[in-house]
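Below you'll find the structures, each written out as structure tokens.
After this come two complexes, each holding chain A, first together with chain B and then together with chain C.
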Partner chain A sequence: MSATIARSPQALPPARRSFVRRNLPYLLIAPSVIMLLALIAYPLLFALRSSFYFWNLQIGPEPQAFVGFDNYVQAFNAFDFQDALVNTLILSIAGTAIEFVLGLSIALLLLRALPGMNVVRALLILPTTIAPIVVGFLFRYLYDPGGGLITWLLKSTGLPIPPEGLLGSPTTALAAVLFADVWQWTPFFAIVLYASLLSVPDEIIEAARLDRASAWTILMRIKLPLIRRTAVIIVMLRFMQLFNTFDTVLVLTRGGPGTSTRTLGYSLYEQGLINFNIGLVSAMTWITVLIVNVIVALYVFFAFRNEEW
Partner chain B sequence: MASMTFDGIGKTFPDGTVAVANVSFAIADGEFVVLVGPSGCGKSTLLRMAAGLETLNTGRLLMDDADVTNTEPQDRDIAMVFQNYALYPHMTVYENMAFGLQQRRMPKDRIDRLVRDAAEMLDLTRYLARKPGQLSGGQRQRVAMGRAIVRHPMAFLMDEPLSNLDAKLRVQMRSELKLLNQRLGVTTLYVTHDQVEAMTMGDRVAVLKPVQDAGESNLQQIDTPQMLYDRPANLFVAGFIGSPAMNFVRVDLVEEGGGLTAKVVGTDIAFKAPQGEALSAYAGRQVIAGIRPEMFSVCRPEEAVFHQEIPVAEALGADTFVFFDIPSPAVDVNDAEEREDFSRKGMNRMVARIPPAATPRLNARLPLTIDVAALHWFDPADGRAIRD
Partner chain C sequence: MSSPKARFLTALTYAGGLLFLAVFIGPILWFLALAIRPADTAFAMPPQFTFEPTLNAFRHILVDPGVNGPQVVNSLIVAIGAVVLNLPFSVPAAYALSRFKLRGKKHIMLWYLGLLMAPPIAFLIPYFILITRIGLQGSYFSMVLVLQTMTIPFSVWLMKSFIDEVPAELEEAARVDGARWFTIMWRITLPIVRPGIIVTSMFAFVFAWNNAAFPLVLSARSTATLPIGTLGYFATSGVTWNFIAAAAVLAMIPPMIIFLVFDRYVVRGLTFGSVKG
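After this line comes the complex of A and B, so read on.
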């Protein structure tokens, strides 16, 4: 068959035809590969190279001196590195966990055909569609020590509010940042988990009920295992996003007070776009990339173990 | 083991659809009862109500004289086999069977023994470590059975458990299920739309029909398979039970020479009706006669009651079914969904069972007589059987 086609008069000259044919798969994936290389590999390698130089844009446009691993040493020893790392870990782990649990609870509620659930479903998507910067501004007003709604609500329920405001006190600032993120991203978990819970057949749940399983057992041993793949993936995505938290922090607290809400993302921004310390920020980028990848690799290893995909 | 009583059960869905109305019957301890009927007759809804998965609007459900109408499925101690098996896809065969036992906080070694016994009984021992996705349809079906029997429940509920199997396996599983029921002696309620399955498996069979409003009852008749066949209570049961289905013809009953003669409406076909008080009361009126395909026999042309051209003959080996049309209005038995009506307009298609040797040439006329004493008679107004 193919021979007939190849000999047809419209066919390309043999040399060109065979080149196209032999390399067709590569030609087809080439655009994606080129994009990936240009947008991810090149910047990362550029940053890797820069991280070995002293290079401050305020001094000059070209790298000023090769310094070996000095930038890495300086990054680890920076006054804010440890705090930023701890804050980032707290924010990412607590944020992902809280959002997952709350999102799952909302998803389970949505499954109940309660009146008004259609409206709730539609409203739920809203916070996720707002830019984090806007969420930041929104919560700045809500947290305002003078007349913010959240401040007022907490006060009227008799909870102690630090006099400098929720964002102004080192004890509450990180929790306040976390809360804004939870507000924005819980619906994302709710909607994705709701969609995947819908795919669990009713008969399986009914069979479990007849097997005398309690609602809790059905959740833990039937529903969650069946939506495991989706859950594993969105938890991973959300963790990686949270690990890079920067914009909400920028708008809400600028990493303060002190270093109490400083994240790795915010430190990167400060070194790169305020101090223009390209060499140092490149080293910090690489440290962050490595930490995220180690955590995600461990997570993937444990989550996907014993899993047939 | 338990008896089960349905007492005036009714279910109307929120949109006003009446699924089940006025169903009352009792299942004895250890009995195998089959619910059969066309789609929409409420058989699955009834079964789900027995399981507690569906609430009822009216009536009561008793198990061993205890009212379980409002008992949650968890607390009913019944096992159900679903049409698509509803196995837990992420668990192995072993875990699937053990799950229900684990919920009872049974010691591990006891669970292990029960699961292995059940697996042995169903020939599943080799597959205990596999997941449902790695099993064939027949094996999955057996796992679903295993999950039910391992718990030794008070009753089994089965929702068309064989309908996803191929024809050969279905026949084989039919007898296996029946044997299993006899061996375990567990009360079983079994739903199917296949009347052959119903007839072969049930100690008793309940024939159900779709209802339009809450005043009717889905339950047409509940009896042993043979009684349903021999003494159907009405047109619906008569038409539903038996394969090929019973032939129905409209006849005018006329008194002639001291006896009753039945004249088939629209034709000059006539035959003597049997003597009987009930039927005599219908003299001078129109009734419906039911003729099973096996009530026909080939005869000499001068004895023939029906003498029609045979356009279609189906040879099954042991028997041959011949089809012919008579120019008489067809009788609607109200199960149009299940039986396609192939009759031409104004014609009534009949089917007769004859010995293969008597098969006529295509489109030749075949003289057939009928066993008049074995005919069924029905009142055309309400479809009820006319019997003494």
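After this line comes the complex of A and C, so read on.
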């Protein structure tokens, strides 16, 4: 021990350098991992603890009573939370599927590489660049029952519009929210799928054509399997973004009418930041976090299991 | 080439292209029109496609009383702050994940990706309570800090894809010459990937600029960002749609410019570097 302490300062650097060198990659990653862990561990642990208490922030700044699993029971039994779960799943599944199919169609059209179509491709991405909350405002204006452009277009084609407007009627509101998302994110699928389809080698397509494969067969059997990795990643991203939908709903419908457009994200917002029901919202947070983790884990397991990194 | 069928297909393609432009760009132009049309024509039925353009709404939001002017500055401070703070964390991590063989690399990368898909609203209420308790409520720093949950994982993924493209031979040569790893990273690799760092910063900026959930909860009146300012018009009743549109147009401009200027990198940016485009 004393020998180590007595070592001259000049002897120290090599030892330290070798420690640094041995662990260099981990030392470089550590700051970001520690920062992120600190930022997510606090909220999760805080929510875990709070979820076992009755705690309304309007009553007092500290938890009011220990209630065990009551908040979880209450969350699962609350109809609005069940509705939110169903709406969120409908939005996520329908949204991702519609955007993928429409985006793929547009990508195939862009692939015909006619002069001028490059401009279409460059401009097409613009909806995706807009903040979701602004897309909310935009569509609230377009859907306005009095003078909205979409309302007017549908009316002039003779389609029946509910008198309370597309966002005001429980039968159309969720579809209207979904349409706003499809408008914003279809270009995302179109542009990304276009870029990855471009990278499919021409020789493979030519060879298939010589074998008299139909365009449909080429698409389903050659092009799509070759861009599988890209498709897997963007479908997952989009599904989860849709699953977390919150700002668009806040502006468009505030979850209404009734619970017809309530999403999990909006439920959390309402219980936490309008009702200040911290105990209940913490339980809902953990339920949501667990659902998200299960979905992501399953998806990652199946999508990336054969990947090399 | 000019068989009737081919000509028909060409015409169909162009018709499709025009239709898509109308559907996807039309609404944006209609919102821009709302910002510069006379207030009383906003909800005219049938819609008025021609009108006398006016900058009244922009004057209202920027000059008199100009509520949104400071919010543009706030948005810039928060978004730029989020990007600047993220770099010292994400650049070394991206370098390590690109250059070194390390155990669990796949899991670390997927962990970052998982964070990008976490529901931000789930973290908001605890942050709100914590930040109120430590007296940082309404500060720029609180928003910049919380935005790191998005900007760090995003930048690590995107930046790694740029560093992956720098040939390892360059670093090998320097290593043979006896250069230390830090010198190699700082003097050789990072200057080469500088364009990649700029592209990453630009898209991370858009990410932060467009975020509304965090400022909604964490900002104060004096630090509110542009999307929150837009929400403010919404709370008041009356004919304020021109102001909403004008503020929204301001919020739209920087991301649109960045996407159009960095057109080549849009696919890569949107897919966190996993599709080269």
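Points to keep in mind about this one:
In this text, the second predicted complex is superposed on the first by the 272 of 309 C-alpha atoms of A that agree within 3 Å, B and C clash if a C-alpha of one lies under 4 Å from a C-alpha of the other, contacts with A are read in each partner's own complex, and residues count from 1 in each chain.
Everything below uses one rule, namely that contacts are C-beta pairs under 8 Å (C-beta built on N, C-alpha and C of every residue); 3 or more make two chains touch, one makes a residue touch a chain.
Source: prediction; values computed, not measured.
With chain A as the common reference, the superposed partners chain B and chain C fit together side by side. Looking at the shared chain after the overlay, A:V182 reaches neither chain B nor chain C. Using the contact criterion defined above for the overlaid structures, shared-chain residue A:L242 touches neither chain B nor chain C, since it reaches no partner. In the superposed model, A:E203 lies in contact with chain B only, and not with chain C.
With chain A as the corner point and C-alpha centres for all three chains, the angle toward chain B and chain C works out to 80 degrees, nearest 10. More residues of chain A are touched by C (comparison of chain B with chain C). In the superposition on chain A, A:L226 contacts chain B only, with no contact to chain C. Of the two partner chains, neither chain B nor chain C is touched by A:A84.
With both structures placed on the common chain, the touch criterion links A:L174 to neither chain B nor chain C. When the two structures are aligned on the shared chain, A:D211 is found in touch with chain B, with no touch to chain C.
Nowhere in the superposition do the C-alpha atoms of chain B and chain C come closer than 7 Å. Comparing the two interfaces of chain A, the one with chain B and the one with chain C have no residue in common. Interface residues of chain C, counted against chain A in their complex, comprise 9-10, 13-14, 16-17, 20-21, 23-25, 27-28, 30-31, 34, 42-47, 88-90, 92-93, 95-97, 99-100, 102, 105-106, 108-110, 112-130, 145-146, 148-149, 152-153, 156, 181, 206, 209-213, 216-217, 227, 230-231, 234, 241, 244-245, 248, 251-252, 255-256, 258-260, 263, 266-267, 270-271, 274-277. The residues of chain A lying in touch with chain B in their complex are 201, 203-204, 206-214, 217, 221-222, 225-226, 228. Touching chain C in their complex are the following residues of chain A: 21, 24-26, 28-29, 31-33, 35-36, 39-40, 42-44, 46-47, 50, 57, 106, 109, 112, 114, 116-117, 120, 122-134, 137-139, 141-142, 144, 146-149, 152, 156, 183, 186-188, 191-192, 195-196, 199, 229-230, 233-234, 236-237, 240-241, 243-244, 246-247, 251, 264-265, 268-269, 272-273, 278, 281-282, 285, 288-289, 292-293, 296, 300, 304, 307, 309. On chain B, the positions that touch chain A within their shared complex are 51, 53, 72-76, 78-80, 82, 84, 86-90, 99-100, 103-104, 147, 151.
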